[in-house]
Each structure stands twice: as C-alpha cells, then as structure tokens.
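Here the structure is laid out as structure tokens; the discussion comes afterwards.
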Amino acid sequence: MLAVFACLGSGIAVVSFTNPFYSALALIGNLGALAVLYLLLSAEFVAAAQVLVYAGAVMVMFLFVIGYLGGQADAPWAGGPSWHTIGAIGAAASILVEIIVVVGIKAGGRLSTSHEVTSAFGSPEGIGRLFLTDHLLAFEITSIVLLVAAVGGVILGSHSRTLEPRQEVEA
Amino acid sequence: MKGPDVAWYLAVSGFLFGTGTLGVLLRRSPLIILLSLEIMLNAANLALIAVSRHYGHADGQIFALAVMAVAASEVVVGLGLIVAMARRDLVLDVDRLTTLRG
Amino acid sequence: MNPWLPTILTFLPVAGAVVIWLVPMRRLTTGAFALLVSLAEVAFWIVAVVRFDFGGFGLGFEQRASWFSDLHVSYHVGMFGYSLWLVGLTVVAMAAAVAYALRSGRERPRAYFGLMLFLTGAVVGAFVAQDLLLFYVYWEAMLIPLYVLIGVWGGAGRAGATIKFVVYTMAGSLLMLASIVVLGISQGTFDLIDGSPSSSTWIFLGFAAAFAVKAPLFPLHGWLPDAYREAPAEVAGVLSGVVSKIAAYGFLRIAISRFPQPAHDLRVPILVLAAIGLVYGSLLAFRSPDVRGVIAYSSLAQMGLITFGLFATNLAGFSGAVLQMVNHGLISVTLFMLAGAIERHTSTGEFVRLGGMAKGRPALATVLMTIGIIALAVPGSTAFAGEFLILSGVFVAGWIWAVIGAVAIVLAAMYMLRLISGVLHRDRGTSVPEEARDLRPAELGIVVPLVACLLALSVWPASISDHSFGGGARRAPALGLSRR
Amino acid sequence: MVVASWICLLAPLAAALAITVLGERISRRGAGYLATASVVGSFAASVVTFALLTGQAREDRVRYSTVWDWLGTGTLHFGLRILVDPLSVMMMLIVTGVGALIVGYSVGYMDGDEEERRYFAYMALFVFSMLLLVQGGNLLILLAGWGLVGLSSYLLIGFWQDRPSAIAAAKKAFVMNAFGDATMALAFFLLIQHTGSLDFERVFASDLSGNHWLVNLVALGLLGGAVAKSAQLPLQTWLPDAMEGPTPVSALIHAATMVTAGVYLIVRTHPLFELAPKVQDLAAGLGAATLVMAGLIALVQTDIKRVIAYSTMSQIGYMFLAAGIGAYGNGMFHLMTHAFFKALLFMAAGIVIHALAGEQDIRRMGGLRRLLPKTYLATLVGALALVGVPPFAGFFSKDSILAAALGRGWYGDILWGLGLLGTFLTGLYTFRLVFLVFEGRPSAFVLEHLTAGSHAGGQEGHRHELAPNEPGDEPASTHAHPAHVHVGEGPFSMTSTVAVLALLSLVGGFLQFAGLWTPVSDWLDPVARPLVDATGWQETASSVLAVAFGLFGVFIAWGIYSRKLMEAPSAPRLRALLENKLYFDRAYDLAFYNPAVALARGWNVLIERPLVAGSITGVAGGSRRLAGRVTAAQTGLVRTYVFALAASLAVLIVVFVSVR
Amino acid sequence: MIASIRTPAVDWFALSPVLALLAASGIALLSAVLVPARVRRPFAAAVCAAGFAGALVAAALVYGYTLHGHGAIADAIRRDRFAALAQMILAGSGFLAVGISYGERGGKEHVGEYYALLAAAGGGMAFLVSANNLMTLFLALEWFSICLYILCAVEVERERSLEAGLKYLIVGSFGSAFLLFGSALVYGATGQLAFERIAGVVGAQGLRHDVLLLIGLAMILAGLGFKSSAAPFHMWTPDVYEGAPTPVTAFMSAATKVAALLLSLRVLTSAFPQEQRLWTVAIAVIACASLAIGNLAALVQRNVKRLLAYSSVSHAGFMLIAVAANSALGARALLYYLVPYCAMSLGAFAVVAARERELGQAVTLDNLAGMGWERPFLGASLAIFMYGFIGFPPLGLFIGKFYVFSAIYDHGWTWLLIVGVAATALSVYYYLAVIRALYMRSSPTLALAPAGGSPPREGLLQASVAACVVVSIGSLVATQPLIDLARHAARSLPL
C-alpha cells in the first residue's frame, strides 16, 4: 500500500516540480516504488532490472544532462493558452476516469483470482529461458533498438563541426 | 497469492498513466515531458507485469523488460536532441517551437 | 487491321506526343510532325469509314483484352456508326487546330503540340471505349492537356479560368466515377456491351451530372464563359467543338442506353434544363459584348438543343443530335479560329471596337459569313438539317419543346447576325487597322476545308443522320447498342 | 424534262460558286455577264421544261426526281428531290424570266460598284434559292429554298455593308423570316408525326381530315411562314426597310419573286389549307387587311421605293385574298402580272434614282417627265397596270380576284369591298407618285442634276457629296465611278430590260381574260383546282367597279398633286399613324425585342454572374475559409498535437465503451 | 539447465529481407569509422542501396516460396505473402530514397550513420509488417520510429530539423505509449499477445463486449492512426514533414504509410475480427476526418512540402477507406494503392528536394514558378505526380482509387464512397495549384541565387524520379499483375 502511494505521489511530483532536477529525483523514487510493486507481483528479475538499469543508468544520464544544461533546464509552470490547459485536463481526466472506473468495475470480476505461480516465475532463469525461446526475436530487436538509439545519441550529441563555418557564413 | 487484486494494480497503473499524460500535456520543458513519458511507459509496464502475474505466464514481464530498453532508447534520443538544441542556443520550451505551423 | 483501327486511332497521336516530348526537334519540325500525325489520323479515319459496315446494328471494329480480371474490367474498344462520325469530327477538328497552332506559332512548341496530340488520343479513346472504366480513363485524361493548354497558352485571365474549368469538371466527373463503381460492382462487369440496363435513378444522376457539367447544361456552365474566353482560339474551338461532344456522346452511349428507365423518368426535368439553357444561352449570346462570348453562349444553347435531341429518346432525335454534334463541332472550331484571327488582327474581340472588317477582306468576310449562316441554321444548311431532325424528334416527346426550339432558332438568327454584323459591317471599328489584311492563304487553308466539310454535309446530311445507328437504307434500325 | 429542270436549278448556283471562288480572277463586268448568262440559261431550261411538259398528257404533268436522301433516319426519309409540274414550271418561268431581265438590268445599274462581284454572286444565289423553293419536291426542300431566299434577301438588303440602316434592315428581314421558317417547321413536325413524311404526294394523300386541330395547326404554321415571307399582316414591317438594298434587288426579290413565295406556298399546299377553311379565311382576311393598310400607308410615304414597296405589299394582299378564297389560278396570274409591272416600276424608279445621284425623296423630285421621257413612259405603263386600267396587265388579273371573292358568301363580300377600296387607294397613291415625280416643274435639285449639263449628270450620278446625310441616299456610292458615264436614262442594259418589262406589262394581261379565256387557270388546274368560279356578272361588275374606283383614285391624285385643285386633307393624327406604319415596329420592339434584351441583361446580372459564376467562387471562398479554420488549429504547439491525440482517443474510448 | 533450453528454429529465410537491411545498416555504420571520408558517401549509399535491393530480392523470393502463411520463430512473426509484398514495396521505396538522399548536402558529418539509420528504419518497417504479436509490434514500431526521430533531426545545424525531430519524438512517444498501454490492456483482457490467439480467446470466452479489450483496441487504433498520420492523429505530420530533411520526408511519407497501414490491416483483421463492427466504423470516421482535414488544410498551403504533407494525410484517408472495407477486395485495394502512391510521393518529394538544393531555401509555390520550363524533366515529373495524386489516369493511383471505391461500395458503404469522391474534388484545387506554379507563372526573376553556385546534375535523383514516373504510370498498365500479387498477399489475411 505504501509503495502504491509512494508511486502515485512521486509520479505527481515528477509532473509538478519546476526544477527538472527534483523531477528527476522524484522519478527515481517513482521507479523504486514501482520496483517494490514488481516484487509484490513476483517479478523479481524485472524489479532488479528496474532498479539497476532504469533508476541507475538511465536516470544518471538524465541527471547528467540536467546538470549539463544548468539554468536552461528550469521549467517554470506558466501555462500556455488557458483553454488549452483546461481542455487538456478535461480530456486527460476523462480518459483517467474512464480507465479507473472500468478497471474498478472489472476488479470484482474476472481478474480477481490469479493463477498460482511457481517459484521460477519471474526469476532470472525463467526470464532468461523465455528470452532465448519464445521471445528470442524480441530480445534481438531490443538490442537493435538500443543500438540505434546509441547511434542517435552519437549523431545528435556530437560536436557539430559544420556548426562554426556555417555561422560564419551567416555572419 | 496474497495482496491486492490485480485489478488494483491496473488502477494504479491507469492513474500513473494519466499523471504522465497530464505531464506531457501541461509542461513546457522538454525534459519534464521526457520524464512524463517515462512515467507513462512505466505505468504500462506495471500493467503488463500485473497482468503477467495474473495469468501466470511471464510474457508480460518480458514485454516490460523490452519496454524498459525502448524507454531507455527514447531517453537517449530525446536527451540527445535536447542537448543539440541547447547547443544551438534554443530556448528549451516546447511552446516556443512554433516555426513549423499552419 | 480492322479490329485494330480504334486502337490505332487512339494511340497513334499519343505515340506522336511521346515522340515530340522525347526527341528534341526544332519549332517548325515539331509542328510539322504534329500536323503529319494529325493528318495520318484523318487518313486512318477515312480508312475506317470505308471499311465500316453501316448496315450492321452492332459494334464495329471490336477489340477486347482483359485489363484486370477480378473486377471484370477490360480494354474493350469498338465503334458504332455514330462513334465513327464523332471520331471523324475529332480528328478533323484536331488536325485543323494543330495546323492553326502551327500557323500562329505557339510558344514552347514541343510542349504544346505534344499536348494537342495527347488530347486527340484521349478524345478518340473516349469515343471508342466500350468499357466504363476505360471510358472514364480517357474522359479524365482529356483534362490533363486541357488544363495546361488553357493555363499556359491562354489569355490574361487564364489562371482563374482553368481552375474553374478543371475543378468544376472534376466535380462532375467524380460523381461519374462513383456511379461507375456502383454500377460496375453491382452488375459484376464494367463492360458497356455486356452490362444490362439499370434502373437506378441515383446512378443515372451521377452520370448525368458529369455529362451535364462537361456539355455544359444550364445551370452547370459556370466554367464556360471564362474558359472559352481565355483559352487559345484553337483550344477553345476544340473545347467547345469536340470535348463537349463527349458529354453528349456520354448521354447517348451511357446515360440513355444503359438507363432507359431513369432516362425516361427524368426526361422532363432534363428537357426543362435543356430548354432553359437553350433560351438562356441564346439570349446571353445575343447580349454578349465580345465575339467569343457569343460563340461561348451559343455553344451552351447548342448543347441544350443537342440534349433535346438525345432526350427525345427516339431515333429522329438521336440521329439529329449526332448530326448536330458534328455540325456544331465543326462550326465551333471554325468560329473560334476566325475569332482568333480577328483578335490577332485587331487585338480585341469586343464589338464596340470592331466593325467594318468586310471592306477589303473578302476572304474573311466570305468565310465568316458562310460559317455564320450555317451556324444560325439557315434552312438548307446541315445545321438546319440537324436541328430539324432534333426538333421533329423532340416534338413527339412534347410539342412545347419543339416550340421552344423554334423560338431558339429565331434567337440564333439574332445573335449570329449580330456577330456577323458586329465584325464585318458598319464603319470600321476603332481597333480595326486601316490597312486591310485579309486572311492569309495558310489561314484559309485551315478554315476552308472545315467550311467545305460543312458545305458537303449541307448537300448530304443524311450521310451522318442515316448512317449512325445501323440498319442500312430502308430498314428500321435499332439503336445499335448491342453486340453484333 | 427533268434534266432541263435540274439544269435550270443548278446553273445559277454554279455561277454563284464560280464568282465566289474565282474572286478577283474574274472581272467585275465578267461576273455580271456570268450571272446574267446563268439566269438566261435557266430561263431557257425552264422554257424547255415547259415545252416538254405541255407535250405530256394533263394527268401526266407531275414529275418527281430524287437524287439522294437529303436527310433521313430510320423510316424517315426526305429526298433531295425536285418536282416538275405546271405550278412549278410557271413559277420557274416567272422567276428566271423576270430574274434574267433584272440581273441584266443590274449589269448596267451596278456598273462600277466596287463589290459588283459579290452582288452578282448573291443575285445568282438568290435565283438558285428561289428555284429551289419553287422546284422543291417535298416540303423540306421547299423549306430549304424558303430559308435560302431569306438568306439571299438578307445578303442583298445588307449589300451596302457600311450602312447601319441597311444592316439593321437586313437583320430585321432575316429574323422575321426566321420566325416564319420556325412556324413552318413546327407545322412540318406535326405532319411528320402524323404522316411520317414531308413528300407532297404522301402528305396530301394522307387522311388528316378527321383531325381538326391538326390540320388547323398545320395550316396556321404554313400560313405563318407565308405571311412572314410575303410581308403580310402582322409580319409586314420588314419589307419597307428592305428597300435599303439596291433597287434591282427590290425589283427582283421584294417585288417580283420572293415576296410572292407566300402565295406560291399556299397554292402549293392548298390541299392542307382546304382542310382548314378557317385558316383559309384567315389568309384571305389578312390579305384584304394588308392591302388596305398598305395602301393607306403608301399615301404618306415620301420615299419613292417605299411607296412601291407598300404597293407591293398591297398587291400581295390581293394574291393572298385570292389564294385564301381558293382562286388559285387567279392568284397565280396576278402574281405573274404583278411580277412584270412591279419589276418595271422598281426599275424605272431605279433609273430615276440613278439619275438623281441616289435621291429617293419624291418631294425633292418633280418635272422629270421631260428630262427622262422614256422612263416616264415606262412608269406610266407600270402605274396603269398597277391600278388595273384596261388593257394593262393588272386589269385582267386583279379584277378576276375580286370577282372570285364574290363567290364566297358574306365573308367574300366584305373582302370584295375591301379589295375595291384597295383599288381606289392604289390609284391614289400610284398617281400621287407619278405626278409628284414627273409632273410639275423640275425642282432646283433636279435641275442641278439633270440639266446643268447632262454631260456631267451621269457621272455625278454616283457622287455622294450632294446629299451626304440623307438617310436613304441610294447607290451609296462613296466611290466615284471612273469610266462609265451614264447619260440620263442609263445604259442599254437598263433601258432595254425596262422596255421589255413595259411591253410585258402592256400585253401580259391578255394571257387570261376571266370568263373568256383562261389558259393560266387551265394550266394550273391539275395541281390547283380553284374552289370558286366567278359568274359572268360578278366578273363584269367587279371589273367595272374596280376600274372606276381606280380611276377615281387617279383623278383625286391628279387633282391634288398635279393640278393642285385641292389640298390633301391634313389629318395630323391619321398622318402620324400612317407615317409610323401603324406603330407596328414600335409595338414589336416593345413586345419582343425590349423584353428579350431586358431578359438577357437581367439574367446576366441576376443569374449568370452571381449564381452560375458566383457559385464557383463562393464554394472556393467557403473552402478557403474552412481551410483557414483547420490550419488555425495547427498551432505549431506540441501541446495541441498531444491534446488532439488524447482528446480524440478519449472520444473513441467513450464511443467504444458506450456502444459496445 | 542451459542444455535444456531449446532455442526455436529460426526461419532465416523469412527474416532475410530484414537481415539484408540490418547487414547493410551495420556495414554503413562501420563505414563511418573505417572508410575514408572521401569515399564514405558513395560507399555508404551503395551499401544501403544494396541492402534495400537485397531486401527486395529476398522479399520477392519469400513471396515466391511461401504459398501458405505461417508463424515463424516461436510465432513472433508471420511468414506470408502479405508481409513479403509489403516488404517489397518498402524495399523499393527505400531504394529510391537512397537515390534521392545522395545529393543531400546537409548532415555531411554523418553520412555513414545516415545511411545506416535509413537501412535500419527500413529493416524495422520490414519487420513490423510481419509482426505477429503485440510485443513485436511495439518493438518494431519503436525500432523504426527511433530511427526516424534521429533521421528527422539529422541536420543538427538546422533549427527546423531539430524542431521537427523533437516534436516527432514527443508526439511519437506519446502515441507509442498509448499503443503500449492499449496492448497491455488487451493483454490484460485476454492474457495473450499473439494476434490469432487474442482473436481465439475473444471468440472462445465471449469477450466481444469486454471493456478492457475495447479500451485497448481504441488505444491501439489511436497509436496506429498516429503512425499512418490519419486525422485527428495527424497533427505532427505537416510540421515533421516540413522540418525534416526532404529525402527523409520522402522516405517517411512512403514507407511509414506502407508499414503502418498494412500493419493496421493485419492487426485489425487477425486480432480483432470480432470487433469489426466497431473498428470498421471508427476507421471509416477517421478516414473521413483525414480526407476532410487533409484536403482542406492543403488548400491554403504555400510551402510545397507542407502541402504534400497534408496531401499524405488525405491519402491516408483514402487508404483507410480500404481498411474500413475489411474485405479481400479492400486489402487488394490497399496493397495496390500503396504502389503508385509510394512512387509518386517519393518522386514528388524528390523533385522538391532537387529544387530545394537549387534554391538553398524552402520550396514554396512562389519559388516553384517557372520550374516546369527551366527543368523540363523534373517539372514534368512533378506535374505528373500532381495529376496522379488527384487520381487522373493514366497514372496508377487512378486505379488505386477506383479499387478503394469499389471495395467500400462492395462493403455497402456508399456514403464513404461519396465522401471519397468529394474529397478528391476538393483536392483538385491545390494539386493543380502546384502545376500552375510550375508552368503558368513566369518566374519573375530567379533572383534567388542558387545556393553555392549552380548545383551539379544529380543523375541519381533524376534516375529515381524517372523510376517513380515509370512505376506510377506502369502500375496502371500492369494492373493485372499487381492485382494478382495483391490478391495472393491478401489471402494470407483472415478475410
């Protein structure tokens, strides 16, 4: 229960902080809370990955970029056109309500009784086995996606050598 | 197993997803928007894992792991873009990104 | 060779166009080549006339090949008697138009002549197509060259005129496309010969709308004045003389023959529109301030008349309509070319600045006068013959239509005489140069054959009226819409 | 025989085409000769035809000749065919005979005009058209000829193209005739619908008598055409204006031949008219009314040609009367004699006009008797024939018509009375003209032209500067004639043809003397058997009274215009009424032309521009405005895009869940 | 333990198109490091082109040797003719895109990476069309999306490129997140990820009205609609198309549509056949919206790329009509439609790219003036493409539209047919405006100095354009063979 509230609270915090640094920290909290939930759902391996990969590596990168950008990164709250905001909130709220209500309705029904699971469920071996059998391809694709993203990071983040000459032209 | 029903996890996940949505909708800093997107993906992950637990097969967990990787990739690209923009001395405010419009 | 004739007639000019576009040629060579191709078209058409069996009821020169089988669409071509005449009108008029363009030295000749030839092929194709989709292909393909021809080589207001023309026509055509789809899918074939008559009013209306816009019928002629005014003279001639006939042909070939019941049910409204168009066009022609305006609105009136003939839905009406299509085609082309010549000599087409051109220009005067009096359907002329048949046909449908037609004949006399007098008679207009320059031999060489065609038809209009729907000389012919 | 009549038909056409095609390669004079030769040739061919036809038995005198189907489809066929029968041969003779004379006259009259070739081409075309009309072997070919004479008439009236009045007159003539063509065409449609043919023999043989509506309408339609062509009430207004054409044209077309085509039509289609007696009566009544009205208007006209034109109208009224009461032979006979004397009058008038440099106003003339003696004589002969003074031609033909009218009951009696009134008016206006022009002292104007030096007279004859702004000044000649000097009464070609016509007017009437010998009626009997036959006393009474009335008119004219014994009554209202031709022109303008123009303008302003053209721009503008709205939503803000996505998804979910 | 793991039989043949592209991508990536800068561009481009060509050949072979579709590699993908044909179209588009890209001057720094990403994106799409469960679907989608995000922003020195990239990234990830959440809900409702099994469970357990499933379906629809740039999920399209480097736009406009639309068809028909009463209507409405909004917005555009972007929205509408028909005929229509559409879209953007390089600035209707006469071939090609987009014969899209209309009429929705027809009529105006700009305006003075001197003749680009012209006209002539291909492909779907 606590984890749930931590999760929700930190989620809201992420969205509402003006300083992205705090937001990022809140997200780490959120991820941690989620990891707890995953554990509760017998997904040990995922929980571990969540903490290590996500909360660790990815968020570090985030923090690093935020630090790199410094003051530029500040994000004051002042909204755009007001009707947009209201409309947006309305729409999002309606989706939310929809989903929550629906899920609530369902709660007493089909999803109430879960299957029993073996100890292998959610364990590293189990996951590993699946990754090499049923979801071999997913595994491979994931790696491709990561690779592509890395390339993108290189392209976008690298110092552009054409930048200077072009500025001269413009000047 | 003990603990709350899977349905409750789905509700939490829905709420979290909505929070992320609101973040994307309302915030102007691309960084925060990226963070909100992460929340949305994580909400989906939570749902996947909860369902996976419910049905007792680990497909959902695998899916969640893959999503994690994808999310990381998106973050990389997004951050790369943000850095590139920052280097071009562009204001980091999506509301100012309106040269393309109409 | 016989079954290949429609295909040759369709694709010879297209091939010519491709050659012109791809092979670099000099200005004169280009034009000469285009003219050669058009004349070859005429020659092939003559061959077709010689070989055509006018006594038969069915489709001549039939050729068929599957195009895509799952929807039963095929490349199916052939000609009926009336298609043959309309193809003849097309090739003759296009040859004249090409010659005229050559004479007036259009800019960017390769583009121009290529498009003209392409247009020829498309129009001929529409007349010989015996498959709904194929017909639509040609029907639409026509618009491509027309848009550019008017838009590039037209007058000052061409931009608006072309957009209006194409958008308007397209709106109609697309309704036809919808109708084609509906008809073809529901019948299981798109073939014009295989398909059976349909009684759906809505599909009929889709077709009718397309044809009514293109013809045009009142009140769908919004594109007409501008397009006819702004287009280059010969293109305007082709537009009103030839292209509009495809619409009339469509009424006959598709709207009436495939939808006998709706055509009959909706006859009165359509005749009313045609009647309004007839009187309306005549009156507006009568008050039009410039030469092209008169010709343009008179085309509206003439198309109303032709529609009369078609929706008389009897043989006299059909035959008269076919005859009148050819007549009006030739007349229109000639008139527009003469209007172009006048505009070139005087740089205006407005009556207030024209006049007195008969003096010292006997050739112009004679030709304009001849064509004018044929146009106003003086009894004895082929136009009279056509109108007579049309009205005698529509008379059976209701005397009132014939009366309106008769009134319109009087109005036609009024506006054509106004045109003739406005250009030729009275004192010399302010824009008419003092030095009288008559039509040059080259110009005469273009116009005189057209006039000669009309005169020849005046001597023997039955050559068309009695050879359009098969059945030989004295037998009662059917509409000739079925397979041989 | 058939061949001869084809030659007769085609010779003028060939001449017309040759002159057109040759253009400047033929000399002007050559064109004139060619045209004349062709018409003379036609005349010869007609004579041959006539001779051959007389050789046939009476019943065998109808021959058709078809070359090919001119127009046809299905079971409907209209051959390009000609008909040779007594009626058509008679008309051929008149047309080609008088035509030859007039075309020959034109050679002198038009000499020196710049556009002589065109003139002769038109003239030849006219003769062809007229022959096509009278020879046409079915109603459609007849209509073709009918239209073509209208066309030639249009061309010739508007021959002087730079004169707006001429052009206007030409257009008016054409349009009114087109109206007639239209009514005829409608009648033909009825016939086609009910008989399936337009061939004379099949139409006449069909039994239409049961259908009164049908026959009445058909006859009315035909009558409409006839009335328009022959300038009878109510379509008479174009004829006076048609005098804008050269005088020989007026003589040939608007006096001798074309305008009488209406009579020919009625006679030709009399079987149809006989089925519709009411329409026949109407025709006769219209004729009678026209003859009186035209006579009245002629009294106040001051233009020499217009006076004769109204007289023509009036005389055709007699012919209509005859045709309407069924006295076909008498009508045709009058048609023939009228062709002689009216052509004569016009051509004599032409000489006068020619001599006076194009002056046509009779008030400026006078005393020409001594200056143009031969012309005076010719005019006198024509005038006497016109009035119907024995033994001149008009006497024989006109009086028999009046006599025949008496055979038609009370209606005929009224017509008879009107006809008599007409003879009085004829005498009056004819001799008003004669006296004003020829008697009295030569006016200064005349003297200037004819006596100041006859050496210069002819030459001046075509100079324009003397009366530059006269509206009606004739041979238009802005162009001075270089070589040919017409002294006084003109060249041989003119005087000789006038002489021939004068002779014909003098003796032509003896061809038939009602009651004594009737070769014309007999000749026509196989094709047009008269419905009435005047008795002897009717003939006598009519003749005596008609001559008396006519002479009374002459006497009055003599009193007023020659001896000035009395004043012309000055009834200004009546005068204005007559001078304005009973306001027909204005009424037609008000009733047809102005509404048409107003309608056209109104439609242009109210429908064409706002609705038909405006609808396109309206739709275009509307689309663009809508497009503006759509693109306004494309703000460039990521927020908007995301919002749109989320919102539409919300809608989708709501719909899915609620519909399920 | 390890020994007991039986890796599934990998059907390398089925994967061969993807593998060809991945290999090309890898080699191109390596070239960025290993190949000297001078020849890097030709080398990378050649490798990339070879990859696409190889993929084309491989896909054709797969098509030829696969008579009956079946799952492969633990049912993660499906090996069938549908996928193979889609891969052929994709590979062809990619091949032409390489030709268009070759002369691009921006992003010189990263030619190797550029072509690597291009090939990778192509691979992702090729993979996507064969996806057989929600996970592979999502992953493949992200795979090529991420490639495209980067490609859009590849001209890092150009602000608009970055803006486009970021917008695409944000909106795209947002859309993906919905897709993902939708997938999770569907998974939640059925416990299955594979398409047929989802259908099977829904059928077996009577879940037709299950709320969770429906919400999931709606979210998946939105995600797919987003990728196909169908209104109202299209709003990123004009901005991204305008901002991205033109060759990338060309590739995106063609290939993304192929992948997204064909995948939509596959998912909807094989995973949600029971819900067709809902999704056909939804797709129809989305199609209408796309037609209306795309065409209307295009009316007032001056920037040609933007105009073409809206045009692509409207064409997405047309193709969605075919999807909405939910029939074999509709599938055929869609497959056929894509061929000329891709050719024309690529060709049109190629001409725009050429003009852009010539002028050194964005192409608008105004500075297109006179191009038809100055550059006869390119001008005429662009004119042909514009006519083709309207649906004029003799261009293949005419038959495409005809098929689409036939399909929807056959389905019984005449109203949608009317909408399509009306939309076409509306579109005439702006397509013709392009032609008008090309030919009917005198280029006032081409005062716009060609950037960096007169541009070199671009043989490759011209060849690509020529190929596009040939395909777009040839597809009309070769209707029967193409339709045959499409028919066999469509048989792989449960229609």
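When the chains are written out, they are named A, B, C, D and E in that same order, and each has its own residue count from 1.
Here is the rule we go by: a residue touches a chain if its C-beta (ideal position, glycine included) is under 8 Å from a C-beta of that chain, and two chains touch if they have at least 3 such contacts.
As the structure is a computational prediction, the values presented were derived from the model and not from experiment.
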Intersection of contact partners for subunit B and subunit C: D, E
Chain nearest the overall Cα centroid: C
Farthest chain from subunit E by C-alpha centroid distance is chain D
For the pairs D-E and B-E, output the one whose chains share more C-beta pairs in contact. B-E
Whole-Å distance, subunit C centre to subunit D centre, using C-alpha means? 36
Approximate Å spacing (C-alpha centroids) for the pair subunit A, subunit E: 28
Just the number, please: Cα centre separation of subunit C and subunit E in whole Å. 43
In whole angstrom, the CA-centroid distance of subunit A from subunit D equals 101
Among subunit A residues, those touching two or more other chains are 80, 88, 91-92, 95, 98-99, 102-103, 106, 111, 134-135, 138, 141-142, 145, 148-149, 152, 155-156, 160, 163
Shared-interface residues of subunit C (touching two or more other chains) are 167
Counting only residues that touch at least 2 other chains, which ones in subunit B make the list? 10, 17, 20-21, 24-26, 28, 33-34, 50, 54-55, 59, 62-63, 66, 70, 73-74, 77, 81-82, 84, 94-95, 97, 99-102
What does subunit B use to touch subunit D in their complex? 21, 24-26, 28, 33, 94-95, 97-102
Note which residues of subunit A are touching subunit B in the complex, please. 1, 4, 7-8, 11-12, 14-15, 17, 20, 23-24, 27, 30-31, 34, 37-38, 40-43, 45-46, 49-50, 53-54, 57-58, 61-62, 65-66, 68-69, 72-76, 78-80, 85, 88-89, 91-93, 95-96, 99-100, 103-104, 106-108, 111-112, 114-117, 121-122, 126-127, 130-131, 134-135, 138-139, 141-143, 145-146, 148-150, 152-153, 155-157, 160, 163
Contact residues on subunit A for subunit E in the complex? 98-99, 102-103, 105-106, 111, 125, 129, 132-138, 141-142, 144-145, 148-149, 151-152, 154-156, 158, 160-163, 166
What residues on subunit E touch subunit D, complex-wise? 166-167, 170-171, 174-175, 178, 209, 211, 214-215, 217-219, 221-222, 226, 232-233, 235-236, 238-239, 278, 282, 293, 296-301, 426, 429
In the complex, the residues of subunit E that touch subunit B are 134-135, 138-139, 142, 146, 149-150, 153, 156-157, 159-160, 162-167, 169-170, 173-174, 177, 180-181, 183-185, 187-188, 191, 193, 238-240, 242-243, 300-301, 306
